[in-house]
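Consider the two complexes below, in which chain A is the common component and chain B and chain C are the respective partners.
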Partner chain A sequence: MKVLSEDRTRILFEKLTKYIGVNVKLLIDRPDGTYCFREKKDRVYYISEKLLHLAQTVKPDNLVSAGTCFGKFTKTNKFRLHITALTYISPYAPFKVWVKPSAEQQFLYGHHIIKSGLGRITENTPKHQGVVVLTMSDIPIGFGVASRTTAECRHADPLATIVFHQADVGEYIRSEDTLT
Partner chain B sequence: MDIVNEILEREQKKADKYKPITVEKHLELEFDLGSLLASDTNDLDIKTLKTNKDSYLLALTRDNAQLLLNKVWELPTERIEEAIVVRLPQPTTILPRAKPVPVPKPLTKWQEFAKAKGINKKKKDKLQWDEQLQKWVPLYGFKKTAAEKEKNWLIEVPQNLDPMTDMYEKKAGEKSEKVAKNELQRLKNLARAKKVKIPRVGLPVTSDKASATQLSTAASVAKASTASLGKFQDKLPKEKEARGKGVHELIPGKERKRKAPIPTPAAEKEYNLNLLDNILSKRPKIDMDKAVAKSINEEEVKRSHEKKNMKPGLGKRKTQGKGNATNFSAKKPKAGKGKRAPNKKSTGRKRR
Partner chain C sequence: MGRKAKFDETKKVKKGPGRKAKKQPDPVFRKELLETEDQVKKLTHRQKQRAAKRAKKKAEIVEKRKAIKQGKKNEAKEIETNDEDIKKPVVKGYSDDNKEWLKPKQKVKQQKKQKDSDSDICDQDEGSEMEQDSEAESEHEEETKTVSEKYKVGTLDDLFKDSDEEEADPSSEEEGSVNSGNAGYNSDSSEEESDEDGDDEDMLPIEKANVKLKKKQKEEKKLADEEMQLNISKQDVFAFPSEEELQNPTSLQDVQQRIKDVVSVLTEFNRLKEEGRSRCEYTDLLLKDLCTYYSYNEFLMEVLMQIFPVQELVEFLEASEIARPVTIRTNSLKTRRRDLAQALINRGVNLDPVGKWSKVGLVIYSSTVPIGATPEYLAGHYILQGASSFLPVMALAPQENERILDMCAAPGGKASHIAAIMKNTGALFANDANKERTKAVVGNFHRLGVVNAVICNYDGRQFPEVIKGFDRVLLDAPCTGTGVIAKDPSVKTTKDQKDIQRCFNLQRQLLLAAIDCCNAKSSTGGYIVYSTCSILPEENEWVVNYALKRRNVKLVPTGLDFGTEGFMKYRHHRFHPSLKLTRRFYPHTHNMDGFFVAKLKKFSNVIPEAVIDDDDKETEGADEETVVTNEGDQSTDAISNNVTSKVSGPQKRTLEPESNIAEPQTKKMKGENAKSSTGNAAVNKKNKNKNKKGPQSQNLNNSNSRVQGKMGSAEKLQNSRKQQEPSLHGQGKQHEKKNSKLGKNRKVNGLTENKNKKANENKPNSSNPMKTTNKKHSKINKNHSKIKRKV
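Up next, the complex of A and B:
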């Protein structure tokens, strides 16, 4: 468990602000204890100080993971969010997209959301904004990137992509071995 | 009677001189005849040990030695060259070794890799059947070379090469290169085994097609190669410094940074919050796309409100040309019907 370097912290926060904006502060500054980001094998874990102390008793070679994996740094030093971060992102996300029940399965299989599957969208969503994808019953099922603004969505044709798929809860099954 | 007494006395003296071969022991001794070892687990008589140490220990040793020899005599004896000998059994006591256990040979890089991957060495046959020559050819050695010579009496020049190339020379060159590489790897393995630091071999200059990482490394090195270690060199807009293993050592003036100590939780939080503020403040104040989208959205919301508020039955205009935006009907706006009123605006959008 390494402390993230300065530029990696910056990259991580830049990515997180794309999804939850200023609410990243709430992840760092929590009333229920100190939480921090730690890195292991290019993967970033969000972990409480208490748990971190416990994890430090384990030999680094034997420690697979501790805390919640937020994502990983690619070989080109970009940060990619994993679906495991959804629990922390979904409550804070200002921009959301709701999908119709008929389109849920498509999204959970890793496809983009098309206009016909779009149930609801937060007003004023800008282009390329990170959004959390929810079912119509408000259950978060993943996140993506808006490909159009809300206004543009209205005039888009039914097959146009509205949200680019980034991660979905189906990955818990599909890529079970790569998620830690 | 005198004679009898005398004899008895003499016998007594003899018996005193030679101690008895039977020894009484509270606990039986443990014997390892192979290494002629007897271990006595009986308690020492501490009182006698303190008052008469030497004679007591001597007596004890004698007794135990006697017992050991008694055991030895129980073994089958042989007579070899007028001497009675005993063949001792295998020793059962395990003695610790005098020298430390030899350290296992350090693995080469390939062996390490193979071990990690679980690759096992496969034995190859020393001879291989050659279809072309119709005979068995060894894997290596002068016979293999001879066979190769016999096979390659003619080598075709591929089309993509210069027709005047000497293919034999080329093949020999390739082979010598392979040998050189192998030798280099052997030396590297030796150096690694002895933990000798070897200098890096810089950037490869031979290949005409350098990879992106090689180029970026070269650029970073070149940039730092000024008297001021690249401090005053301009940066390109999206320039990235080369990263990766060993790049740091190549760049002059960049000594290895010591690992930063792990910050305290409070300090880390403070630092993270500062960094976050920095990031958030750097975002553009006015996002043009967002602003345009917002205004479009507001307009649409307004219009939809108007549509909702509008009651289709009461869409009558009170006076001609005097309608305002709040109660216009879905009907086409009409002109003034011949009456021109240039300073009065008509409702609806302008039509040309």
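Up next, the complex of A and C:
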């Protein structure tokens, strides 16, 4: 558990800003105690200071996970957001996409969202904006990147991709081993 | 035109019934109709005539039959002999019911044939009748035909109607049956029946058949009853099978029957036993049969027989064959049970609340979708978890803002339940010895949105050296899994005494470690919950009893209002009376997995002097094993492989380089200084073990020092960390104070050890350095604390 380097902090926050915009500061300034980002084996954990103190008594080799894993830095020093970050991203995300029940399964198997599966989309979503994907009953099931603006979506082909798949909750089953 | 809407409010709409709404009067029946109902309709002339004819005919038939009867009685034998010859060709294609009253007229038949050229079989039948009433008109004739036909066809309704009016004779019927050779009526009882001929002469053939059938049934029933009586009497004196019978295995049904029999004999042994057979022989037989029928190994079955009375044992075994219903636990961090139930019902899942005792459990009866892959599941709204797994957490009763440890957490079901009850506050440590299985914990925690957890991978026995001072500790210990045979039937055959011994030794160590991790001075807690999915008292009551003797803990009520009480005695063991506060759950009584829950309250952090009693002696062999496990990972492997659920795979322990052994003693002591009391106690205990086993002590000494070395380095790390973190410093100081006290304690320990050594007279040399180090230790302790205070 080490503090993120300046560089990596910047990369991390850039990535987070893509999804939750200015709400990033809500992750840092919290009324219920201070929270911080820590890095362990290239993985970034979001953890409260209190818990961090306790976690530091555990040997690094024996520590598996603490707090919430947000994602990992790739070998090329890019940050990849994991599905485990959904707990914090979904409530703060300003741009959302709802999928029809018929398209839920598709998305949960790791496919992009096509126009025909699109239930709703937030107004004024810009292109390449990170969006949270929800079911029609408002259950967050993943996140992705909008490939078109809301306006473009209206006139898109039914088979055109609207949201690029980034992560979905199906990964909890598909790739449990690589989550952390 | 239509009606016009009157939007204008000024114009009032008339109220009350209008012309069209006028009520119709109630409907009235016409006079004629009413009359016809009451009166009997008058018959027309023709109808009357026909009725008269019918009545006449009926009377004639009756007379005719009587005449036939008499004639038959007079010349019965003659007719009979003739009958066979004449009848056979004629009767072809007839039901035997008709024969009796056709017979006597056979002679006349030829005459009739001359009159009626009709060769129709039907007519031939009727012919005999018609002969006699020759005056009858053609119309009449027709009717008689139909009537007689009715007899033949004989629907039941007709019969009953007729039987009211007339009486039939079974005798003729009987004859007919004999003649025709119809199997249905050729019963052996026919002779008896012939006596009753006179009573009911005028019975219809089918009626007679009926009477006969009833008789036959009665007889059969009687026979069956007799047989049953025989069976019962046989059962009463259940014949003990001979050697040959036992050696030649019969069908499973027979074995099952024998099990039933033996169980019934055993329940009422004095009355039902066979002379000269002892109870032992019966139980042995039962044991063997149960083993073959349910495919258990003999050892496990023997153990189970000691736990349950025979009747209950069979129920338990039966219940262990059937899988328990699938249950899920609502994740109260993300949703409510009602919402979840609604969402799942919409997906075509048939479910129900698990019971009044739980507010988060749901039982799944059937489902059209895979219950472990719905979007709700993936979004973390629920987790698949057996009903019995709720119990230890409910017993633990976590509070918000507490620090809680789940020692054997994988796959994280119970731990996430704890986090949900704490509402993601405080701190939850989820530990598991198997690194692979911790991945499941990570996945589940993130899916369920648990954010207050630290997941680590230690051997539970070493956990007190890592971190202590928990408010509550849950230990769901690895066990043989005898309570979940339905889930994993391999338990039936794979477990033996060694496995159980390994298990309960591990459990004892884990429980002591769990107790050491707990903080008795906690304002809200100080509780330890021990649970297993085994029903063997060795792994449950005995382990708890062991801990009661060795730590300052007492049993408290679990807070679960159902389940059976724990055992206070089992075979030769006599446990502490408070063990009845523990709870046992069985598959056959509670329809959940077999489970054991005990709740302990720690009332002092002081670790009492270890006592050596029967328990130790009995498990001496096992102790050796566990000591060996401290030496090498291989044996740990062996243990963990045998343990079904929790521990599997070696614990990853970083082996310190050998140079640690060569390190000066003082350094080690420094390390131990910062360490809490338990570590030292553990070392002391190990020393004692050493003393007990003379020949091995050399080896052990070696290993011990290695262990110490490891600890030392670990503590060094801790120390350095503590100095880095001012917030933990307070705790560090507390430790120091304790340590200075403990220095004295250790002296005492040293003395007692000495005594022990004298008693054992085993290698006094090995103990001496320890004693001296203890003294040194306390001195260094003081110095160390001084230094720290300065810092």
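Basically, the second predicted complex is superposed on the first by the 180 of 180 C-alpha atoms of A that agree within 3 Å, B and C clash if a C-alpha of one lies under 4 Å from a C-alpha of the other, contacts with A are read in each partner's own complex, and residues count from 1 in each chain.
Note that in this section a residue touches a chain if its C-beta (ideal position, glycine included) is under 8 Å from a C-beta of that chain, and two chains touch if they have at least 3 such contacts.
Please read these numbers as outputs of a predicted model, since none were measured by experiment.
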Check your understanding: Once the shared chain is lined up, is A:68 touching chain B (first), chain C (second), both, or neither of them?
Key -> second
_Contact-wise, after the overlay, does A:51 reach chain B, chain C, both or neither (first, second, both, neither)?_
second
*Which of the two partners, first being chain B and second being chain C, lies in contact with A:108: first, second, both, or neither?*
second
The answer to whether chain B or chain C touches more of chain A is C
Please work out whether A:149 is in contact with chain B alone, chain C alone, both, or neither, and reply first, second, both or neither. first
(request) Would you check which partner chain A:123 touches, where first means chain B only, second means chain C only, and both and neither mean what they say? (result) first
Requested in this report: Answer with first, second, both or neither: which of chain B and chain C does A:170 touch in the superposed model?
Outcome: second
Q. Can A:59 be said to touch chain B (first), chain C (second), both, or neither?
A. second
Residue overlap on chain A between the chain B interface and the chain C interface none
In their shared complex, chain C is touched by residues of chain A numbered 46, 48, 50-51, 53-59, 61-69, 83-84, 87, 104, 108, 135, 137, 139-141, 169-170, 172-173, 176-177, 179-180
Touching chain A in the complex, chain B uses residues 243, 260, 262-263, 265-266, 268-269, 272-273, 275-276, 279-280, 283, 287, 289-290, 293-294, 296-297, 300
The chain C residues in contact with chain A across the complex are 343, 372-373, 375-376, 378-381, 403, 427, 429, 435, 438-443, 445-447, 449, 451-458, 466-467, 652, 654, 714, 717-718, 721, 725, 727-728
The residues of chain A that touch chain B in their complex are 3, 6, 9-10, 13-14, 17, 22, 24-25, 28-29, 34, 36-37, 49, 77, 123-124, 126-127, 149-152, 154
